[in-house]
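Look at the two complexes coming up: chain A is in both, with chain B in one and chain C in the other.
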Partner chain A sequence: MSARVRISLGLAVATGAAAALFIVDDAYLMRIATLGAIFAILALGLNLTAGHLGLFDFGYILYFGIGGYTTALLTLRAGWSWEAALVASVLMSVAVGLLVGVVVLRLRGPYFVIATFSFLTVAYYVAINWKEVTNGPLGLIGLPAPAFNLPAIGRVEALDPAGALAIALTGLLIAVAVVWRVVESGAGRAWHAIRDNEDLAASVGIDATAYAFLALAVSAGLGGLGGSIYAGYVGIVTPEIFAFGHMVNVLLMVVIGGTGTFLGPIVGAFLVETVPELLRVAESFRLPIFGLLLIAAILFAPQGVVSLRPWRALRAGRPRVPPVPPVEEGPA
Partner chain B sequence: METLVQQVLDGLMIGAAYALMATGLTIIFGLMDVVNFAHGEFYMLAAFLLFQLSAVMGVPYFVALPVAVLSVGALGVVVQRTLVRRLRGGSRLNYLYATSIATIGLSIVLQNGAQLVWGAVPKSIPQPFPTEPILLAGVALSPVRLFILLTSIVVIAVLGIGLMRTLAGRMVRATFQDREAAALIGLPVDRIDALAFGGGTMLAALAGVLLGSAFQVYPTMGGLATLKAFTVVILGGMGSFPGAIAGGFLLGVSESMAAGYISAGLKDAIGFAVVVAVLMIRPTGLLPAVRRLR
Partner chain C sequence: MTDAPLLAVQGLSRRFGGLVALDDLTFAIRQGELVSLIGPNGAGKTTAFNLIAGFLAPTSGRVVYAGRDLTGMAPHRRARLGLVRTFQQAAVFGDQTAVDCVVAGSHVRAEAGIQAGFFGTPGARRDEASRYEAALEVLRLCGLDSRATSRASDLPYGEQKVLGIAIALASRPRLLMLDEPTAGLNAVESESVSAILDRINEQGVTVFVVEHDMRVVMGLSDRVIVLDHGQVIADDTPDRVRADDAVIRAYLGDFDIA
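Moving on, here comes the complex of A and B:
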């Protein structure tokens, strides 16, 4: 199956699943799907740098938190509407992303990983200690829930599980459109060239720094979008929005789904949100089993679950041929 | 003045443990390019094993301590043989993600496993040291802290001599510098990896039993420890032993100073701010390794 066929198929399945959710109308399922959609936006954003550009942004949740705090401060302290605060949150995250980029984009490999992570950690402690603005560990409470009247559809409210899911899925659609637009453009090809061989990319005239800034800006903007929707949905923003646990979850979504693929982060987001819920039957063994599943996933699907081709094993009468190893590149 | 000396000594004690952890991470990263997110969980596990042996089963402290450290080292060897070794192949970037996810998975298993076995309530390890502080030129030194500092310094010195003077040490350094060339002259790089992973986890385990004796032991204690160890490694220069040791003491002392003179709440953020500052001036850390990062 070609990439386009698979993506169309994926979108058809997703539309079907979303329609089924609205018809079944179960608050618990819709809550899981809402969080899945919000985190899918983040996974798409992280995948731009970690998957397409090849730089492991281990502080990506910084933009999620910046988006959340910007939305909380603007709606609570300045009386803005959530929609206006959302736009401002995206712009704020992009601005912070560009500033962070000035420091981190000079670094590569493990240095990049730790430097981005350091920014996240500093933000976490600033959020705890800058009590005048962030209200410290207690956080900002009681954000107004997003609600609007739409022509032909009626009133959409985040307090209603179906309304929240609709808002999150709209956000995800916007993120999918943005990612599709940039990855399938010259910028996407430039990122792949930089990821595969930065020196070679530079030698054919690709400005690695400029394209890296672009990737960081778009991915930061998506983080801000996710953070703003999340803040409107849960109605509270605390320093825990910068928590290491969120970072690990989003990273898992990208890698378990498939780094550098289009559908991988989305599939990964819904998997990572759903599997721990399914494991609730295992009670206190839930998290240890989840950890073992992660190890199994990386051992048996190192390229992510979207790279698995189960239908190949199902084809009858054909011997399974192992994939041809890629030819080693060497000096000619 | 006395408070200053006291702060520095406190910082040196914590810094010694950071240096042990960071040296362990450096060995594992240097040989296998693995960013080991489960490092802090080995540190936590060793502290719990010491608690189990000495507080629950009544084994004498100085017997239980080496047993706990060696058991965790053996677990490290098992992890390398069954998990880390299988992740090679594919691009460098994929290997970085695969080993990160695998060690994150391992850390979730170990942390929650410890919580199932020992519960979430912090435990104290009964210590054989007198609680009366030793007064030295007006500065109070608690015996347990002195023991931590001296043990760390001795272990780091023995490790340094071992790496420089013994055959096994030379083999490890050769593999560290150039893996392909080492394999080419017939060094058993695969077995050296296992030895190094075991040794690296033993250093984390030692830091765990030492700090566990002075503070409390709880299942989530490894999380922040892993992050601090990373900070130290980057601060000193990735893949550099002198850097890891210097970075450990530097971070310990600056945290202790920050807690004393700036704000106890911001103590844990200081290290990360220092890292950003250092990387802006010296992108390869304070004492970068001679080895080329592939």
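Moving on, here comes the complex of A and C:
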């Protein structure tokens, strides 16, 4: 299957699944799908740096939190609408991303990992201690539900599960479009060149610093988008939005789905959100089983589940055409 | 102005701790020349390339290219001016196919179209297609067309080395500096690389090449610069360099210069 066919197929499956969710109209399923869609936005964002550029942003959740807090502060303290706060949250995250970039983009490898993680840690403690603004560990409560006008559908509000899902999916759609176009624009080629051999990229004129800033800015913006939708959806923002658990989750989504691929992070996000729910039947064995599944995924699909080609395995299992017998060499 | 050299290296020195890798290096290369840089192992050839291309900062001295002082300029900006180098160890974009590697090499030539690329305009798509065509053409020139869709890191070492040259060529250099392009190549590949150098030089690209294969050096070069212990000990035509006493002494026991 060509990439084009695979992406069309993916879109068809996604549309079908979304339609089924709205038709079945089950609050529990829609809640899982809503979180899946929100975290898919984040996984897409992290994949820009970790997958395409090859710099592993271990503090990526920073932008999720910045988006969440910006939305909470603007709606609760300044009386902004959620829509306006969403736009501001994205811009704010991009701005923070560029500032963080000034420091971290001088670094490579483990130093980059440590520096990005340090920024996340700083943000976590600022959120806890800057009580006048963040209200400390108690957080900001009672955000207005996300709502906006969709063309052809009308006003959508996240007050009911279907509205929330519609809003999260709209956000995901925007994220997919942005990532797809940025990667296809030629920036993707430059990122891959930098990832694969930075000196060689420089030797043919590719400006690694400029392209790294571009990747970080777009990825931070997506983090802010996800954070703003999440904050509106759950209605509360606490310092836990910067929690390392979110970071691990998003990381798993990217790695399990397929680092540096287009569909991988999205598939990974829905898998990581869904599988633990499916495992609820196993009760207290739920998390150990999930852990084993993760190990299996990494062992059997080290390039991510979207790199698996089950139809190839099927073909390999079928008996092959017998090899052509060697031509007998007659006496000279 | 027309007589000004394309590249002028002026009093370039580089120390690594106590080691003087390059000592007051001075030479010039004129537009259209094919110049070889030779010298025993550790003479400082790669260091000289790193300084000229901006991958290392000199301890003192400067590099003037096309009338511009390049001091402090980043490597990618030098490459944009047409000053492009290859690497002694094969360097490719390992995860990508050979043709994608070469397309990446032409990235800067297409960069104006990045915004158009974002919106996927028909012009941008035509651009992409023509870069791909051009990349295939470069692969053909380098004899790698049959490898176009192979993963770069799966190619044998010699072919990765040649792919490195193809990537550099795709950026349309004005001065191409090659660091031992035939090292690690078999006789046939070696032959084809010298033919490529000859050909691009004829097309007007100035070529500066570190080379160990004396047949390549003597057959191709307009001029040979000999480096020993970080200093230029000869800078002359191949014939005269071959007869130079200091050069023979530097190479004695190293390898056969005849």
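In this text, the second predicted complex is superposed on the first by the 308 of 332 C-alpha atoms of A that agree within 3 Å, B and C clash if a C-alpha of one lies under 4 Å from a C-alpha of the other, contacts with A are read in each partner's own complex, and residues count from 1 in each chain.
Following the convention adopted for this analysis, a residue touches a chain if its C-beta (ideal position, glycine included) is under 8 Å from a C-beta of that chain, and two chains touch if they have at least 3 such contacts.
Small disclaimer: the values here were computed from a predicted structure and weren't measured.
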Once the structures are superposed on A, label A:303 by its partner contacts, choosing first (chain B), second (chain C), both or neither.
first
Contacts for A:199 in the overlay, against chain B (first) and chain C (second): which applies, first, second, both or neither?
second
Greater residue coverage of chain A in the superposed arrangement, chain B or chain C
B
For A:256 in the superposed arrangement: first (chain B), second (chain C), both or neither?
first
Let me test your reading of the model: by the given contact rule, A:83 touches which partner, first (chain B), second (chain C), both or neither?
neither
Report for A:118: first if it touches chain B alone, second if chain C alone, otherwise both or neither.
first
After superposition on the shared chain, which partner residues are touched by A:25: those of chain B (first), chain C (second), both, or neither?
neither
Is A:107 touching the first partner chain B, the second partner chain C, both, or neither of them?
first
Can you list the residues of chain A that touch chain B in one structure and chain C in the other?
195
Under the touch definition given earlier, write down the residues of chain A that touch chain B in their complex.
50, 54, 56, 103, 106-107, 109-111, 113-115, 117-119, 121-122, 124-126, 128-129, 195, 244, 248, 251-252, 255-256, 259, 284-285, 287-288, 290-295, 297-299, 302-303
Sites on chain C touched by chain A in the complex
53, 55, 74-77, 79-80, 84-87, 91-96, 100, 103-108, 110-111, 113-115, 117-120, 124, 128, 164, 167-168, 170-171
Which chain A residues qualify as touching chain C in the complex?
181-182, 184-187, 189-190, 192-193, 195-197, 199-208
In the complex, chain B touches chain A at residues 29, 35, 83, 86-87, 89-90, 93-94, 96-98, 100-102, 104-109, 112-113, 116, 223, 227, 230-231, 233-234, 238, 263, 265-266, 268-269, 272-273, 275-276, 279-280, 283-285, 293
